[in-house]
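Both of the next two complexes hold chain A, though its partner changes from chain B to chain C.
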Partner chain A sequence: MTEATNPLAIANPKMSARDVKVFYGAKQAIKGVSIDVDMDHVTAFIGPSGCGKSTFLRTLNRMNDTVASARVEGTITLDGDDIYSPSMDVVQLRARVGMVFQKPNPFPKSIYENIAYGPRIHGLAHAKADLDVIVEKSLRRAGLWEEVKDRLHDSGTALSGGQQQRLCIGRAIAVEPEVILMDEPCSALDPIATAKIEELIHELRGRYAIVIVTHNMQQAARVSQCTAFFHLGDLVEYGVTSDIFTNPTQERTKDYITGRYG
Partner chain B sequence: MTGPALFLLLAGLGAIAWVSARARAMRLQTVARATGRRDAVHSLPGYHGWYVALWAIVPAVLFLAVWSNIAPGLVTQAVLADPAAQSLPADDFSRSAILGEARAIATGAQAGAFNPLSQGLVEPYRAAISKYGLAGAVLAIVLAFAGGAYAFTRVRPDFRARTRVERLVMATLLIASLIAIVTTVGIVASLLWESFRFFSMVNPLDFLFGTKWSPQSAAMGYGNKDAFGAVPLFWGTIFIGAIIAMVVAIPLGLMSAIYLTQYAQPVVRKWMKPTLEMLAGVPTVVYGYFAALTIAPALRDFAVMIGIHGASSESALAAGLVMGVMIIPFVSSMADDSIAAVPQSMRDGSLAMGATTSETIRKVLIPAALPGVVGGVLLAVSRAIGETMIVVMAAGLAANLTLNPFASVTTVTTQIVQLLTGDQEFDSAKTLAAFALGLVLFIVTLLLNIVALRVVKKYREAYE
Partner chain C sequence: MAEHTIKAFDDEIDRLRGLIAEMGGRAEAAIESAMIALQRQDLALAAQVVAEDKRIDAIEAEVEKLVIQVIALRAPMANDLRDVIAALKIVGVVERIGDYAKNIAKRVPLIMVNQRTLEPVSLLPSMGQVASEMVHDALNAFAARDPDLAVAVVERDTVVDDFYNSVFRTLVTYMVENPKTISECAHLLFIAKNIERIGDHATNVAEMVYYAATGQTLPDRDRGGAAAEE
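Let's turn to the complex of A and B:
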């Protein structure tokens, strides 16, 4: 285990990728990435547009399966189990590795139904009372309960953008995942809503392994403990966040951090 | 001068007008530009050409259109003034028969005369026709020259020819679109007028709520009461078009749309979608004989085999099933559009929660696409109840009020065809009933279309 793939030298990483390559048809989007993701920390993926950070994130819960032309090589393990092996059920994998998207995408259903969606399909609640408990707990963790407790049956799409994004985080939390993947969760939000989401990430840290893709380097510095810099499908540098931002070892990382490109 | 030659001549005049006006405009503008003022020149030379050419052609053509309507009357008057016309019989009918024959011989449409009187009128007819034909042609050419000359004098560097040509283009387009609207209004007006005549003979309440339909008995003099109760027709229409056909079309259309949008490989979709849409291009008369000759007898035999009474070889089920198949592409293409319009992020959100494809379809895509699907179904119903050929061939004529799908029922469109084919007198309630039925059908399909388009539009806005 090299320092490059595991900067904090964690003995048992939550997720671990080895020599992962992703192809869209003939085009290679990820060129052999090896990285470990730790349970107790927030990991940020940064890099310029089109560098492959979102593509790589989507391999971690096999969302690339929905793209017909995508092909993944290499191994990715969750608690030591290969998630691309035939014995891995993608439904269970995605219950364990949840995802929050760039644009808030609540279902056109009530707030309550949005949260209850996951527990229902995974059979986590058998009685209405159980479901009520899950909904309240998830909304509290997502920091949305106080704002919506009196209108749980209003449409989720009627909330503000920031509230919708917290609803989506609550929806992901409701199935008790172990890892939460966030794909630029604040890129469609205003600064105040962004601050709330960042605060929420701090609160969720430790309970879930969190991987966040972001365009915003200040955000990566604020919310993460480890940062990976991607460029043109390569993992250029992976390290403790403070090191990456103050003392990068690679020239390309330094250029990006200092705003030379990106 | 013959028609085609005249039109060629006018077109030639127009071309000459275009070329000469354009040349003049170019020459004048070159001079005007030399003054150095930017607003000295307004339109491109081509616009001046068009302006003058249109002035040469349009008034002349309009004149010819009017002339071709009044000339026959003038010709007839001239013939009647001829001494040979003095011997014509007094009554209008034989008079116009003889005149018609004489004209036919004069124009060469008929070789010889049956009536010796018409033979005598051929020469005056020929003379009158050529006289008025020549007069029309001369007047048209004079008009063309006059219009062209008038416009030609207006060609100046700062004349706004472009604005005027554009205005004429707009007027032409406006007229084209008005023609469709005016036709619709005309159709509705004629429907309303004939229906009004019908309802002055038959009580509208008897028509709308009566349960006995036998227009033949009214025609044979048994009175209008109890002959024009249209409820069995409405029921038959709804039974075939809105119930049986939809039971076939909604599930099949929806499922094929789901398969095509969510499961099919791009290659499969590329072939299957046009093939499915080809169903909509099959002429309905082909569906009609498929229903009448293949499906209907098979269904009757099946009904007899399992012991259903009243099974007819012209059953509601046969017509409804085949109509349902015909409607599948409507439902499936509307459903396809509305499912495809649900944002991909919605689908990703559900899949990322660990939902399977079918759970995602059932719980997220269909609910989100539902308004569009409902709109599509309403349009399909409106199409189905107005459909004529299949029911005329396969549904039968007996106005039964029955729930038995193997029995024969009749529909509004079938009865309209029935009432209006063959020789008709347009003052009997039997014939006029067709217009009242048409009016009801028109109103219902119009309402369905309005509601469906509203629903679809509202839904479209939801995701923009």
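Let's turn to the complex of A and C:
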């Protein structure tokens, strides 16, 4: 374990990637990335578009399995267990490592059902009373309860964009994940809705390991404690966020964050 | 260094650096003029130093405004951020250096004794020269983002401190021997102290330059042997 893969020198990282390479057919999108992610900190992935942030993020819960041409090499562990091992239950894995996407994608069902669906299929609860508890708890954690408690049976898609995104975060939370991956979760939101998500990330920190991909460097600076800069499929630099933004060690990082990129 | 994708950002940084170069040049000139005025008892030159300090103050205000604008509009990062913050801090210090030069100039009319310049005045110009060179080099180091030059400035601070201690002893001896000149000598002592403070401030600027250029703070130097406490 080196400082470069684990800048805060966390003893038992929640997830560890070692020499991860991702190919789409013959094209290599990720060129040997090693990184640790832990429970107490928010990790931000930054870098120009096309550098592989989303591709790498998706390796952490095997979302790339759904892309026929994608092939992943290297090892990724969750609590020390290889998530690419044949014995890994992928459905279970995606509950433990939840994901929130760029565009809010609530199910075309009620707000209540959006939250209750996951716990029900994962067998966390069946009785209505138990589900009610989970729905309220998840919506509270997602910072949405006060806004929707009187209309839980309205459609999730009728909410504003920011509310929909918090609903999606609530949906991820409902199945009691350990890690939450967010891929540009605010890029479709206005500044106020963005601030609410950022505040939410801040509140969720410590309860879940959080990894957020963002093209907004100010956002990375605001919400994360560790920042990883990707460029052309390489992890160029991974460090404590305040160091990355005041004194990056790599020239490519510096050029990117100071706005001297291309 | 490569240019910013947003050209207006480069223009603002250039303007900032230009203003600081001008301010440093003016502060350095103010010290030199004050010392010449002192030596030659040139009251007109002394008055000019006092008057021109206003321009130094005005540049400080202009830089502050520009820095706030750059931070608000450009959200500078990394070396840019360090540069802009250093600029803000440096102008505060250079403004103080200008005040010391002005203060020296204001004392020029007060050290005449029987139409004659007080003898120990001759001790001060070389001390003033070291201090003004430190100011010059500290600002050159900022312009060139040169950490080595900044370190060289910091190291020279002890020269000014030693000068001050020696001037102090000489003046005290002189006052004991020429009690009638005590009030004039007291002014000279203040002038020496002002020069010593200019050296400290130039050192401060150099430390800021070093941080801006490298992202590292200079290891604490030994401040022992510095001039007597104020």
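Please note the rule applied: the second predicted complex is superposed on the first by the 261 of 262 C-alpha atoms of A that agree within 3 Å, B and C clash if a C-alpha of one lies under 4 Å from a C-alpha of the other, contacts with A are read in each partner's own complex, and residues count from 1 in each chain.
Convention: a residue touches a chain if its C-beta (ideal position, glycine included) is under 8 Å from a C-beta of that chain, and two chains touch if they have at least 3 such contacts.
Here the structure is a predicted model, which is why all the values come from computation and not from measurement.
Q: If chain A is used to align the two complexes, do chain B and chain C fit next to each other or clash?
A: Fit: chain B and chain C sit side by side once superposed on chain A.
Q: Would you check which partner chain A:P248 touches, where first means chain B only, second means chain C only, and both and neither mean what they say?
A: second
Q: Under the stated touch criterion, which partner chain does A:R260 make contact with: chain B (first), chain C (second), both, or neither?
A: second
Q: Quick one: classify A:V91 as touching chain B (first), chain C (second), both or neither.
A: It touches chain B, and chain C stays clear.
Q: Who does A:P108 touch here: chain B (first), chain C (second), both, or neither?
A: It touches chain B, and chain C stays clear.
Q: After the superposition on A, what does A:K21 contact: first (chain B), second (chain C), both or neither?
A: After superposing on A, A:K21 lies clear of both chain B and chain C.
Q: By residue count, which of the two partners contacts chain A more extensively, chain B or chain C?
A: Greater contact footprint in residues on chain A: B.
Q: Just checking: does A:Q218 make contact with chain B only, chain C only, both, or neither of them? Give me first, second, both or neither.
A: second
Q: After the superposition on chain A, what angle is formed at the C-alpha centre of chain A by the C-alpha centres of chain B and chain C, rounded to the nearest 10 degrees?
A: That angle rounds to 130 degrees.
Q: I'd like to know which partner A:R205 touches here: chain B for first, chain C for second, both or neither.
A: Touch status of A:R205: no partner.
Q: How far apart, in Å, are the nearest Cα atoms of chain B and chain C after the overlay?
A: 33
Q: Could you give the residue numbers on chain A that contact chain B in one complex and chain C in the other?
A: Correct list for chain A: none, the interfaces share no residue.
Q: What does chain A use to touch chain B in their complex?
A: Result: residues 61, 63, 66, 68, 90-95, 98-99, 101, 103, 105-109, 117-118, 121-122, 168, 171-172, 175 of chain A touch chain B.
Q: Provide the residue numbers of chain C that touch chain A in the complex, in ascending order.
A: Spelled out, the residues of chain C in touch with chain A are 1-6, 9, 74-82, 215-216.
Q: Under the definition above, what is the set of chain B residues touching chain A in their complex?
A: Its residues touching chain A are 265-266, 343, 345-356, 359, 363-364, 367-368, 462.
Q: In their shared complex, at which residues does chain A touch chain C?
A: Contact set of chain A toward chain C: 217-218, 245-248, 253-255, 257-262.
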